[in-house]
């Protein structure tokens, strides 16, 4: 609800185009659609540059299908994360041009024109192969939001030469997303190599004293390298979104 | 075991209507029914205004069915929480007028006359769509206990305008139940908007560093807003019960 | 910022008593005072029935003194929690009628007329003697907010007869605050005895596997008695505030 | 390896019935049977009054069957805990007189004569119905070890009268086992009522901030009642064993 | 409140020696003394065989002094745990025959005649020298409650021969208290050597991943030896009390 | 060690200006200064745009003084975090133009010319007054690194109107740092209001179930708003550094 | 990338056998194979004495099959851990001489000549039968890396005589791997018996307050015996690898 | 108690040089000295190659002084860890040739002849300057036990070139001790560079989500590099001891 909207309402009221009650109502009016079980924030694309993203976990198949359908009616891009295959089947019936990425469990609608890309790219790195699903969630999110994305996978610090071999591609990235489970050390090493922002994504890859990603999360939060910020365990989407916002800064 | 009961026993004893042993026995007598695996507290409806509620988790199907049957013989309302569909099938054979709510997994018997409602309502809010099952457990509990309930779902703080748009309905509530997973921030914002009691229910909705609802639980316990108290993670029933007790205060 | 305020601004604007910019400004204007390091919400007494309460921990002595002084200029009651003696010394120089409660570490200004009390009282109970400082924080808070408070201390469940001996005073309470450290079992027992709301306050009293109050906190959250809600460890103020809100419901 | 055994070996050596090497060997010899994947301590019945108990979790079906068979060859009683139905099927083929208790998942062989019982009994109590499987593990263990056991189930503290109604049976017990999940408060209340040892068994019954029994465990460890000691979460066997040892003291 | 007391009251009432109200009062009457900040349970010596024990932590010096004084007026033995030297100074002024044990921080009043001892002894063992303060809390508690106590200190499992050298003294103990910090392994080894009850006391001795005694606590709870039960970290008193109850069983 | 440096060494080697060993040595040579207890990375200003920052915690006073002195010899700006007053005294003797900020405990040397500022600013917000020291660590760090910084303190979500009143200043920020303790909800609300990157800094402000900042940390990691990334508890420096990197992107 | 390789490149460059660009490239060149989803470090056998080991958990069946195939093309030994049966089926189709160990879930390719063994052996011990899968992972790993391995299973400390009976075999081991769940005490006892390095492997065997192996892990980290180091919970491979490195030292 | 000792006793017994009781006694006899509060294991130097090490934390000044004195009477080397300056003062009075290292808080007695060193050295590395006290505890321990030690401090991964610059010294080490707080990533990087055993020591250096060293501990346990084993947080002594055992293997 920005200043502009308030001004308009106030002007309409002064010119007696609308009554006091109507003005009150309008001031409260917000461009969301109420499905009773969900309130769709169609204004978000204007306010934050991308439509509301659907977090599917914990929702019923029907809820997901309905929400994606409604969003797809009003937006060029739709993204639904943590979607099961069954959810996608229900969505596809309603939104035939939707796509499903199985590994990162994403439902995507993308009707944007090919966007004009400049040289800046977001680099998505993983420490291991098992981290790829989370990395792909980040990469596809960033691509859908109009970024060029480069992927470098399986360059964990235990083979530091594999990482150093990527020196150039790392140096030239504009924003970096580092996805790592186990001990999450990759973020610190990369953070020390660059002067660009690093988004660290701990993953739940590991076992035992990994405690579902806690080990990597704590490591990344305690990184001795500055210029690193962290998102939730396995939150590829959040990292992709954050990187996209930064990458679009001019 | 209130004072009245003791008085009666004592009077009967003084008038030698009962022997010493009988008096002792009666003083110990309590109106529960012993099924060996469960002791049904039929007196609870008198003592606390609502019959004993059955927590189904960890009980066998047979135990649940027997307990609900016995309670339904002596009470107008019965509530069983965390019930599986299989449990309900067994209950329905014994108590045909029982109902099952699938999302919140509740078995309900409700033979009360339509109660006369006044204007006071309990407002049940959720931050997201995935929090609805817990919210419904709270709402149905409160309704069964004779309260008017209003629902406002999916008004999480990341879209603060959706929440502010509900300003009026929030202000007019008599008691509020705020159901939220993820970071649970909704409770703090709502708590700062009203001068009525807020019952906060953290949910296990989330992933990673959510740790099964711990994040929301800690957030709600540490809320910088006063006038908030918290129940266990996913404990919709407890919130509904607490809100009902408060809502009935005059 | 309630509807009434918005209406007034809108009316003034329509009648051209104020310009568009002024209206915009007023709509944003909120009755808080900006001390740069703190924003004093003088409107809170109107909005929530009691002025903003000062949480002293982590503030400098100077900050506390200044904030209390400003609040005391505009309110009849002021409450500052977790205040050191040194903070009080600084406050007293500026606000001579302020009082200090050493055990619960409260600074209080109370210029209200003696309020007319009805029969309803909040009962503040502790399991042990060491829980008294937290209980007093709750009790004094509730009293300052216009409630009659009754105290019953040191009735932990390990001597269940001491608790049962208080049966009458427990039954007649309108709201109950149960303050307990160690294993926090008192809340469950009291919760099962009454049909009134119970606010449970875990305390950090204990040692070893108590983990700073965690044991009591978890016990209270997992209470098998319904009608209990929990506040943060050692949060006597929060419990007193919550109980006061409930106790004032009619 | 008691003094008596060593003496015998030494005497045999002095009388040159055995060589130095044989003596060394015998001193090391211990009456266990080596199955390579398990070392069966047949001596334990002599050393500790009951044969080695089989913890089935994590063992293969074949391992369990073989171990129980070997133990059953040399002992009158055999107990296997945490056994699946499939394990029992394999055991029954080898040990036809073995019995399976489904709820507590125990395999039992019991060929002892009916033992002469005196008046002392172990009282096994539960807070709720869902705690019964763990309680039965304790009760059957104690019975198998030659104790009289009395059961009182579903007497949680939220209905304190149900508990107090059992006053006499509680007072007369020689040892008490208190089995409780949720907040585990029953142990504290019972501990304050008796002057006999109380073995507290936290169970994993509960949800949310129960954290798999942690809440009850911490509550019991922090009990304000003395005369309570605690075993692992869901460890009915351990409680039954401990209670049996104590109950046999004269 | 045992059956005998209730009988007496009932008889007096039937014979009209007391009125209904008086009877009610007496039934509620319990022999505790109310100091407002504490309720002294003078009846506990009768009910549980030893007077109420004072837990000093969190109490003010004045509270401790008053409580000990009152208890000392009516009991032959008084025990106060976790007492600071300053507390003792205040106590000694009021109760000159009180004694202070500095290492275990105990205040003791002991006016009992020398008790006739039989052969049974409680063995208090420690893994290390740093565990001695907790062990002494246990040992002095048990002695004050009329038990013979034997001490064996510094026999941790890393030098298993030191432990085995105590084989005889271990075998002949009637009850064992095992006090250990670090990894707490001593309890398991001792538990496997005896057929008597073992009370395990984890201590906070250690550092790093010891987490204030958590490591030893978890180890003891998970002991692969049966016949072990655990008390809170550093809870020497609780262990001494538990062992005393068991040791007095006949 | 960038490509350019390697090229130069290789060229010098081919032209036989340096021997094989010298080349090897040079390839390993890196512009750090070895003080034995510390290796000063003087090259970092070139590599990452700002000289190495000194983390004083855990270092001796002498170590801090020496390190700052050496850095100050070769750099225009020096920053030392978590510095005690005593450390600063030692530093000032060696580096007279160093400054000490007491609240955020920073030692700063700043000999840069006034930098030319454009309109972009980093907004540093706090939920409460007690969060200011951490916020100042972030703000001063960012200023020292050449950013314009705006501060808005004490706008926690429990008084949402105080936050909304800052709407304009929030909207116009280029990067936002949100510093909050307690339940850390401010990050989520701000994150939902803007389309710019938000760096969330949990603080250890709070008590009880706050667990030293864990509550705020988890809340921020689980934020339902996208576009948020998190740094360690109380890590104002890290947030300032990260924000500066982002703010300098063109 | 060792000094030798760099020298060669430099020499080739000086002799103008390769251009500057080629030299640069070669210096970066590292002998790994890029499968896009994995970077196979074929050089590791040279650098660390054994080829890269495949951690299968979290990888797709196809990824595992491809990686093992590529490694098997260039190495005599291949090891894949945490492999499901389904993964093995896919591998066997591509690498027919691969073997599957079901209990420890290992895929092994072993084409080495029988190696010449000396007397030194690694002793792999377990506390219980349920620890065997982890122990076998360690043992097979060590054997594959050319070590003689001796196994002693089920010698937990609760039957200390079973352990002492293995005294000789323990004393003569060159390196010891101690695998234990539950309370993990075996490591401390063994650590005190020998003057050789002990690698402790906590397992997730247990339940309740075991917390998935945390109890054993903490116990081992806090061991009062020196000469013990710990690997992750259930990390048999890591222990086998570490023991092999040590055992090969001369 | 090795086989040789048992043989001697048995032979003496057969030849009737000693009686049965004497033999029994001797078999139990172990060369420790009983100070009542401590049992000094003078045999340990023979059994494990170095005398018992004194862990001073939790001991009284007098206990430490006495223990060190007794050990110094019978051994050429004595080591006491975690010793306060006050403890050292007391020790020095009794053992004038003892030395105190202030940073690592060690008391050392070293009367060994200069030992003949070969080329093998233990490399002790730290990530930061603040880790040096723990590193020195490890280094001095290893030196006292007869090892050559090389130190490389402050080579954390955030400046990977500082670490790579030490490539040669790292490659040539025989055993490596990696000491790191914060996120502990150094262990993984070093572990991937060498084919020698790496002992990782997490330190409590850090703040916030470091949780007293937990972050580094978990990172090291979850290291993706094999050949690493971990000791307790801040356990420099344990690492030095372990490294010494390994370094002496031939």
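Each chain carries a letter (A, B, C, D, E, F, G and H) given by its place in the written order, and its residues are counted from 1.
The rule is simple: a residue touches a chain if its C-beta (ideal position, glycine included) is under 8 Å from a C-beta of that chain, and two chains touch if they have at least 3 such contacts.
For clarity, every value in this text was computed on a predicted model and none was experimentally measured.
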Matching interface for B-C, options D-E, E-G or B-D, criterion over half of contact pairs identical, gives D-E
More Cb-Cb contact pairs, comparing F-G against C-D, go to C-D
Distance in whole angstrom between the CA centres of chain C and chain F is 38
Expressed in whole Å, how far the mean CA point of chain D lies from that of chain F is 58
Per the C-alpha means, the centres of chain A and chain C lie apart by a whole-Å value of 40
For chain E, residue numbers touching 2 or more other chains are 3, 128, 159, 164, 167, 208-210, 214, 217, 221-222, 226, 232-233
Every chain pair meeting the touch definition is listed as A-B, A-C, A-F, A-G, A-H, B-C, B-D, B-E, B-F, C-D, C-E, C-F, D-E, D-G, D-H, E-G, E-H, F-G, F-H, G-H
Chain B partner, complex, touching residues on chain C are 2-3, 47-49, 53, 167-168, 171, 174, 194-197, 199, 217, 221-222, 226-233, 237-239, 241-242, 245-246, 249-250
Residue positions on chain H within touch of chain E in the complex are 1, 28-30, 32, 36-39, 41, 43-44, 52, 55, 57-60, 63, 67, 82, 202, 204, 212-214, 217, 232-235
Chain E contacts chain G in the complex at 127-128, 156-160, 164, 182-185, 188-189, 191-193, 206, 208-211, 214-216, 218-226
In the complex, the residues of chain F that touch chain C are 103, 128-132, 153-155, 159, 161-162, 164-165, 167, 181, 205, 207-210
The residues of chain D that touch chain H in their complex are 3, 6-7, 10-11, 13-14, 16, 20, 23-24, 27
